[in-house]
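Both of the next two complexes hold chain A, though its partner changes from chain B to chain C.
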Partner chain A sequence: MKFRAERSEFADAAMWALRTVGARATLPALSGVKLEVSGDRLSLSSTDLEIASELSVAVQADRDGMALVPGRLLGDVVRSLPNAAVSAEVDGDRLHLVCGRAQFALRLMPVEDFPALPQISEQAAIAVMKAEEFARTVAQVARASSTDDARPVLTGVSLEASAGSLTAAATDSYRLAVRTVPWDAGAETTALVPRRALDEARRSAEQLGAEVRIAIEPSQVTFTFGDRRLTSRLIEGKYPDYRQLIPVGFERRLAVDRAELMEVVRRVSVVGESNTTATPVTLHVTSDTVRVTAGSGEVGQAEESLPGTLEGEPIEIGFNPRYLSDGLDVAVSERVVLEFRDELKPAVLRPAPADDQDDSAKEQVADFLYLLMPVRL
Partner chain B sequence: MAAGVDPASVWDIPAQAHAAEALRGAVARGEVGHAWAFVGPAGVGQEAAARGLAAALNCPAPRAPGEPCGRCSVCDRCRRGAFAAYTEFTPTGATHRVDDVRGTWLVTASRSTTEGSWKILRVVDADRMNEAAANAFLKGLEEPPERTVWILDVADPDELPDTILSRCRSLMFAAWAPADLDAQGLRLGLDDPADRALAVRVAAGSPAALARLADPGEVGAKGSVARSSGLAYLRAHRDIPARLRAEKGFALSAARAIDDEVKARTALVKDEGRAELADLAQSYGDELPRGIAKQIEERNARREREARTLVVQAALDDLLSWYRDCLLVGAGGDPADALHADAVDALRADARALGAAGILRAVDLVLATRAELERNLQVGLALEALLLELSTLTMAPLRAGSR
Partner chain C sequence: MMMQRPPEPILHVDMDAFYAAVESRDDPALAGVPVLVGGAGGRGVVASASYEARDYGIRSAMPMARARRLCPHAVVRPPRFDAYRQVSAQLLDLFRSVTPLVEPLSLDEAFLDVGGAVRLLGEPAQIGSHVRARIHAELGLRASVGVAPNKFLAKLCSGKAKPDGQLHLRAAEVDAYLLRLSVRDLWGVGEQTAAALDRFGLRTVADVRAVTETSLARIVGDAAAGQIHRLSRGQDARPVSPYEPAKGMSAEETFDRDIADPDLLRTEVLRLAEKVARRLRRGDVAARTVSLRLRYADFTTISRSRTLAVPTDQATAVHREVTALLDALRLKGAGVRLIGVRASNLVPSGAARQLDLLGDDRWSRLERAADVARTRFGEAALTRGALLDDDAPRSGDAAAAAEDWRSRREGDERPGSGAD
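Up next is the complex of A and B:
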């Protein structure tokens, strides 16, 4: 293998591929980045067996071939390259990198141990989304997933494609976040994606912009950004039927300023024991005021009020402050509505469209829902 | 295998034809199930069988149903345990921990495979799960993901809850037959037929014991400890009873010799661990990710501990087998049945000197020490105490004779 590449392009590509370098004692090959020259392109790939990243860049190729180089070392070298063209050549068991007057020889790892990376099959359900829209959807939903490995299905985000729409949902059984976005693939399919993979894809979407092409298959999901590709394994198992959890209708409906409520919850929850998030905040909701209280006689108490508009009977309802803040944080509209049945049934938080928004903007905020279980007071 | 050019079948596992056939048949019939318990002494072929199963289920071009081609990249990586869909879980410390079960095993089990259609998850020393780990694992075993096969290596089924075992199909892994060990002895370089026969008899069905006996030893180079050959150590052990009689103060020097042996043989394990760590560090560029380094260091520490215990136990077992042979020969049994059939004269001499009662007493003492060592007694002291007591035993027949 032998090629010449532009420094910044090569460095950028290497750094991107490095993000999914693995660490597993029994399979050292995962700690490597695979370089492969074919035609006039250099492709770089790495995998930690859960997520694989792959990208290709145009190079001046002198000899086809492939090599597996220690990922961390490659990263260190790439970060320190002077500003000059990079030429690389495999010689024996070393990759020689020359950049300006700097020379490096990287010991190669056995490339045959590197796992074959998944390809997108022809049967995949593929659709294209704006990167920004995709990133926002992930940010809104993924946080509600569980971090407890004891129930693996809850550590993922459920993607459900049907004609014209894609629904992303996550729950840790205390709260549930659901977002539906337009989707131009017709096929009906589902995938349960590990949260870490989606976060990785979101970061790439934020970094690279433009569009993301999403391909859902029975055992993997692939996010393609131009020449770059992230593929994730899926979580196997049955995702809970969360739709039956979402209450139909409500008895009370509170409209309130989102940022203001968030601020108040943050301040008031300070008196909760700082090392836990278990001390609930209580919302005392009357027709025009929301009084938020927290704390106990032992630690201290706090309260603060803010204006809000309630339709229906007054209610007192308690929430885990972190879960409530998370929901408020991702609701992304100026005002939110909270729908209650009673103080023991789940509450539903939705973004409220501002009056002066046009219809499409209204639609955009209406497709997000955050359900949270109250804390029994 | 019809064609001579075909590589050996993955099912060509020494001494485990029965288990191999059961697995091959299960794959061929499409009845692999979701969990197997490989029951039998550790290290008699479980690894090859588990990796064979991984190859049989994932080889893209099998020669016949259940018979992987053995030559493709998938088969090759399965055989080396480097295939992505094949994972081995080894205990990091003395036991499998609940954090590993939840954070690693069940997570791995819950993921789809991107290369290969079947996940093979092998739990080495599965009987070392502690209670919390076993309970957490049971949850995963109760709802097995599709195309996922758990393999539990179980040396002692009593150490695992029935709730786990009852969800596994049990497959017996037998100790090796003498013919298998003999062939292995040849491969390991035991060329002398008498040496090999002795090693095969003493190994008692364990290829690992045979490998220890076949160890050629090492002359102490700079910085490393000299190590005798495995058979030299064995011979030294069985000479102990005679030398206790003949040499004054031999008890303490024999205890020291065993202690030296422990050091020399543990050094080997230590060096291996260090070399592996260095190798891996190189793969990672400069230093290992902290998690991995810790994991490997803990595992190496456990291996060293195990190696220490193993050496002492082997020494005591050599003594036991020697005393057993003394009984056999002393009672007029056929010397050909003795494990130490190559040293019948020495056996007779010891049998005469100790008498049946003395031998039985010696056996009791050795067994008691062996049991004590399992409870973490200080090795050096225990050995000294044992050998001093054994040396008083050897005086007994003299007193008996003077009566």
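Up next is the complex of A and C:
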């Protein structure tokens, strides 16, 4: 294997492939990045057996072949390369890298040990989304998933495709985020995607822009960005039927400025005991005011009020400040509405369309919902 | 300007006939009537007796049957620990409004160091009267208070002041006061120690004061001798240390033969999780961290823990987390000698509770209902199906053999207990 490439292009490709390098000591081959030259393209790939990444770049290829390079070492090398073209050549069990006057001889790992990466099958349901839209959807939903792997299904994000729309949902059983977006693949299919894979895909979408092609198959999902591809295995298990958790109707409805409420919650929750469980913030909602209080006898108290419009009877309701802030953070609109039944039932947070927005913008805010369970005070 | 610390800064506040008094307060029909709180069944004992009942010679810890013979018209009530705990919490709040240095000894007594409160609230004796008046006015209950230079003397005084009294022992009078007392009044001197001293003719505090510490050590041992020596001189340097809640609760099981069957280990984890969760609920705390402790056949011991987003007192959740930790070990048939479950990073559970969207509250209600049933009908009343084989009542020999098969250890870890 022998090729020449632009330093920045090579470094960028290597760094992208490095993000899914495995750390498990039991399978050393997973700690490597596989380089393969075929025709005039160099492809790089890595996998930790849960997520795999693969990309290809155009290079000046002199000889086909492949090599497995220790991932961390490759990362350290490409980060430190001087600004000059890179030439690489395999010689025995070494990869010789020359860049300007710098030379490296990297010890290779046996490439036969590297697993074959999953491919997209012909039957996969494939849909295309704008990268920006995809990234925002993931950002809005994924945060509500659980980090507790004792309940594996909750560590994933549920994707449900049906004719014309894709619904992404995540819950850690204390809050639930649901977003529906237009979807151009017809087939009905579902997938439970590990949150980490979606976060990687979101980062790529943010970095690369343009479009993302999403292929959902029975045991894997693949996100393709031009010449780059992320494949993740799916989480097995039955996702909770979250639709039945979403209340129909409400008794009280509060409209409030999103940024202002977020700021107040952030300030007031400072008196919470961060080392134990977050002390709840209490919202005392009356017809035109939201008074937010927090604190305990041991640490201290805080309170602050802001204007808000309430339809319905006044209510006093407590929330974990982090869950509330998370919801406010991702409900992207100037104002939000909070719908309550009572102080022990889930509250629904939605973006509120501004009056002067056009219909498509209204539609966009209407398809996001964040349900949060209160704290019993 | 610093106020000088008063010579008698320690209060010991002790509620009078606490459980019985709460019962009488909550049911006016019991006013002036002999009231006994305790198990009414054949083997119940008196947990608390009103002063009216004590006139008949009834004392706490006396078998209920005997108490009823002494006073057939006494009203017997089952204990309502929730109610007592609630009053106890109100008491603590009241104490803490006087001084932050409050050390509860049990539900119905506490030490207060009021040395720093005299400028605001007056002399310690005045504070004592004030506390008693507030307990009566705000809680409708009576308390006795000892005011003294240290904890030992303060507790001694509250005992002598009962019922509904206050005794203030001035530093200058300590000696004269102590010399009149019996050795049994010294903290830590029980029946056996008193009997040992009695064989050498040492019956009063004055008697033991006349003997050297070395001589005392020959009679009762070094540790007890040191304590008797100091206490008989009215010396007690222990500070009032504000309550520190238990750091964690754990239960573990040592097998007599090594267990490799993962299903057996999981069942054991469920049983231990049940135990730990019940103790969490009994202590009104919830744990943020759960741990698995495991000792392999070769005595290598490991522990794994995880911290939860929301504290729990549910066996279901503890079991789920610990099982995940167990599965992550990939034991593959390795022999296990000991397995343990621990809950730590405790927070009060009563205060605020994050509700669960996915209906886990049903488990919570179920487990609490099971607690109630076990309290009423005994430990064997209710168990999980998965634990049935082991928990089913066994005839004598089999049960003894089963107990023999494993040795158990469990306990609440308190600061300084040296656990872990």
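Brief remarks on what is shown
Operating definition for what follows: the second predicted complex is superposed on the first by the 375 of 377 C-alpha atoms of A that agree within 3 Å, B and C clash if a C-alpha of one lies under 4 Å from a C-alpha of the other, contacts with A are read in each partner's own complex, and residues count from 1 in each chain.
What we mean here is this: a residue touches a chain if its C-beta (ideal position, glycine included) is under 8 Å from a C-beta of that chain, and two chains touch if they have at least 3 such contacts.
These numbers were taken from a predicted model, which means no experiment stands behind them.
Partners chain B and chain C, brought together by superposition on chain A, clash. Legend: residue contacts after superposition of the two complexes on their common chain; A:18 is shown touching neither chain B nor chain C. Note on chain A: of its two partners chain C and chain B, the one contacting more of its residues is B. Of the two partner chains placed by superposition, only chain C is touched by A:346; chain B is not. In the superposition on chain A, contact is made by A:50 with chain B only, not with chain C. In the superposition on chain A, contact is made by A:235 with chain B only, not with chain C. Contacts of A:107 after superposition: chain B is touched, whereas chain C is not reached. Of the two partner chains placed by the overlay, only chain B lies in contact with A:72; chain C stays clear of it.
Of the two partner chains, chain B and chain C are each touched by A:150.
When the two complexes are overlaid on their common chain A, residue A:176 makes contact with chain C while staying clear of chain B. Residue overlap on chain A between the chain B contacts of one complex and the chain C contacts of the other covers 149-150. Against chain B, the residues of chain A that register as touching in their complex are 23-29, 31-32, 49-50, 52, 70-76, 107, 109, 112-113, 115-118, 149-150, 152-153, 155, 194, 218-220, 231, 233-237. Touching chain C in their complex are the following residues of chain A: 146-151, 171-176, 240, 245, 276-277, 279-280, 296, 318, 320, 344, 346, 371, 373-377.
By the touch criterion given at the top, residues 73, 76-77, 80-84, 87-88, 102-103, 106-107, 109-115, 136, 139, 143, 145-146, 148, 279-280, 282-286, 289, 291-292, 295-296, 299 of chain B touch chain A in their complex. Interface of chain C with chain A (complex): residues 288, 306, 308-311, 320-321, 323-324, 345, 347, 351-358, 360.
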